[in-house]
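Take a look at this one; I'll ask things after.
Going in written order, the chains are labelled A, B, C and D, and every chain counts its residues from 1.
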């Protein structure tokens, strides 16, 4: 493997990691702040991709998909918290696991009823449709770089919000101690509603943005779900910076694993996850309580 | 578990055992095969219920033990004739239990969410082992050409015919369910419950929650393996999907629908869910909507499960005894 | 001098930047009640937890009957003969009083094989459990599920369960907390009567009770032992009066 | 007992009798009424009606019925009724589902399926029960090789068929080296093997084989490996969502211009709308194309369009021909399925005027058919030329009893 292609694989790894981070960040919010295990995470990602498909098909404009995804994601999240998750308060993780498993089945079948079973593509918006040549055989699609940029902006924005803003403070307080947060006058119920809505909106948005890259087809969320879990566990549940580290690690294992041990790439990913859990049960990055 | 629920549990189990004993005499053809499938799944659900209930371990990786045992049978089966049932079953069950020991030894150190994620990771590890690496036939799965035979001293017993295979399944599942029922009522079961409800206190009583949970996990894993073995023998086919987390989650659904705090609950959950699936499938191609709704409604409306729910209906109206 | 049954030397426990227990030494002799007192946050419960095994100490060693047990888990220490109670969550939800005490009896009276039979069919455990319940005056309440017991009953039940362990030493973590005056004096009498069976280390807020039952007292303040000795000697230590007793005798 | 490595069981002697004997007492307790000759023939569709392959299932099922309707609702004088079972493309449920059709629904003919893994489980039961099975899609080579049986017919293709001619096509374009990429599963490996055989026969060399774990669709790392090795051409096999994503990623990485992409037609069938611009100009080989200029095809496509308001595709053709093949058999025995030997003989000798062109069957009951070279033009797989005329699968290892 030449140095040049080593760097191309590195770029692949980072690019994939940033997409993974986008996808996993919503799950981190739900898992870290609310302690909710959401298996339907991949299904929400798929919802995002289908929103992108439907909006582009209807209006022919990719940029409309972003607000559409955010709004629908927020609404979906709020509804799910209000009518389902809030009823589980005090219940154990088993109920969450099963509730979200039920949601997967409902969302998947709903998608089939509405959109059918054919795979679909979403055109990359014109302005980003170019490619940057890297070698005489290979070029890099600008859209992938755009997704990277979105990922980086997202990391900075969410990091600032969590660290500096009042909302971030409220979130961290609610995550750490429900009763204490209540005593401090924080409306925990509202915080939870907000977190679920934002967490699911993040996931839906990730699906929207990934749609032109990933194509749109039934069951597309399945792999994303498990990989998001891996990312989060590697990084440490609830830590956004940890999720970034986890994403990078997974991106590297994926890109180079496929180069050197294609049959064992996925196997390596889970082995790494288990190894990290054995050695550092709290993940690679120590959570700051969020 | 309170005394009334325990009585209901016992009554349900007895009812199920008697009803299931009639299957080969009342049903025929496809129905016997369906009953066989359901009985095996009921056994799996009861075994899983034993760790989810008393041991308080929400394992989303039990399908891995089930699948590993199935693969062991597939890999040990000769292409030209039936395998020796006692030998292959012993190795398959032992293999599943050994895998459960490894998974449990690592996972049970973590609790709650981390335990769930650990078991998912181990399950996926097993899935990818068979799906990606080519061990045991890749993603296409692999075959058991002949149903294993039981070699006794005086004769060989073949289970090719559906009613006889059903009887084998009945006996094995009867033993598994019976063992789970007995273990729940035993002092060991009480220690598990105590560890679930007050870990520190149980430790201060001289028991290691880790060790008792691990024992329960390994027993349950071995039982799940027995069910996987039967499934492989029944269908003559194994595939990596048998190990994936979907399968584990589906088994958990059975446990929850019936009620994790009873032995009969998971079995009843398995029967209801698989019958619902069978009926919905004939009715609509979007039958998964039905299954999804059943799950969501069950989680919200009867989170403790059907058996405790039914037992509750018969509860005397006054509040608590005491 | 008699060999102490329990010896803790140089125990320290650090939580992140906070030094909760700082180099504490403590001896416990047979048939002795040794109380540990101190203001809230002095590190009493943390100290007890390091001795019981719930928390590993950062520094120092614990010896039980001459054997080092510093890194043994709680269950192993229990089997050696160290019994303890907890400040909170004293009982096991969903269990009857009788079953909970039977469970405590179990590791003494049952083989591994006996674990396979139900608690109720273990006669030795049942007999022992009834005896222990009788000693704390709960014979009548044996069949009641712990969830339906009063706070005082729960504390007594917990002591019954610990007695069923037949411990050589007993670590009591605020056994009087939340009890009314009548219940309190009953428990104090019970503690007094236990002295003949085992050595007791007592952590308690109720100063009057402590001074009435304790043979020796160690005072913790900010994680440090500021005094140790007979009740009278401790009462007269200026540092104690300043740090603690003045406030306590209001 | 014969010595083959697959699926031959002692029980095969029991064949259809097995089911009846197994139920013992019950059969006597609830006797099945003797089926009158006039009773409708029961066709069991075992297809993936849900999931990734659902649209394939829909077209196979639909075109089968279309053929029967065109024949006035009867084949060989028998009217037909249909039973459908959703196999979910789930191999682990295949035996259960096949049992539903054979034991529960007592069908006379099984038509299925799409997924190769499911197919092989069905083949096993078809061999044991002796039930007539027509395979309308799945290409697993073994189904008409080592596992072949008198009662098993395939109207689609063996995996070998559309891939073997790709080598010749590449050589004609002047490519000397190639890399392959596919999912790591039996179908993918069979495809690559067939391609290597064909490419090797014309002097080409395969300089790298990439296998993506099924059903993974993250290709970027593999594409980089292709760019690094710079073969003259790439042979790829993916289907459905994977095919869409692969073709788009391949184009986006700029490889489409520098390293031409070839493959069996599944790479661009039923996926062109989603692939859009990225698929334009791709050359693929298959036993069908969107604009074959023959009268049967025209009539078939019009009929399909009218009935379903959608364009027919290769899967529909396979379903349509499954009905045609069954028709030939039933015609030969005047609808009497008890005359199985005669019926199978007639089916084996069938010469069908298919929408895909002339269709006949090899000794192992696999289609002998033209493999066409097609080019993607304006979102259609347009006919370029016949890549290999009347190609028959070698049928290695088939011993028909």
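Here, a residue touches a chain if its C-beta (ideal position, glycine included) is under 8 Å from a C-beta of that chain, and two chains touch if they have at least 3 such contacts.
Predicted model, so just to flag it, every value in this text is computed and none were measured.
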| item | value |
| --- | --- |
| Where subunit C and subunit D overlap in contact partners, by chain label | B |
| Chain occupying the middle, per Cα centroid | B |
| Between subunit D and subunit A, distance of the C-alpha-averaged centres to the nearest whole Å | 37 |
| For subunit A paired with subunit C, centre-to-centre distance based on mean C-alpha positions, whole Å | 49 |
| For subunit A paired with subunit B, centre-to-centre distance based on mean C-alpha positions, whole Å | 32 |
| For subunit B, residues that touch 2 or more chains besides their own | 128, 131-132, 134, 286, 288 |
| Shared interface positions of subunit C, touching two or more other chains | none |
| Per-residue multi-chain contacts in subunit A, two or more chains | 109, 112, 263, 265-266 |
| Interchain contacts, given as pairs of chains that touch | A-B, A-D, B-C, B-D |
| Touching residues (chain side subunit A, partner subunit D) in the complex | 1-2, 5, 8-9, 12, 15-16, 109, 112, 116-121, 123-124, 131, 133, 135-141, 143-144, 213-220, 223, 254-256, 258-259, 262-263, 265-266 |
| Touch list for subunit C against partner subunit B, complex | 52, 54, 73-76, 78-79, 83-84, 86, 89-95, 99-100, 103-104, 106-107, 110, 114-119, 122, 144-145, 148, 161-162, 165 |
| Residues of subunit B that touch subunit D when the two form their complex | 25-34, 37, 79-80, 128, 131-132, 134, 138-141, 143, 145-146, 160-163, 234-239, 241-242, 281, 285-288 |
| Subunit B to subunit C touching residues, read off their complex | 1-2, 182-183, 185-188, 190-191, 193-194, 197-198, 200-208, 320, 322 |
| Residue ranges of subunit D touching subunit A (in the complex, touch as defined) | 50-55, 184, 210-213, 215-218, 220-228, 230, 240-241, 243-245, 248-249, 252-255, 258-259, 270-271, 273-276, 278 |
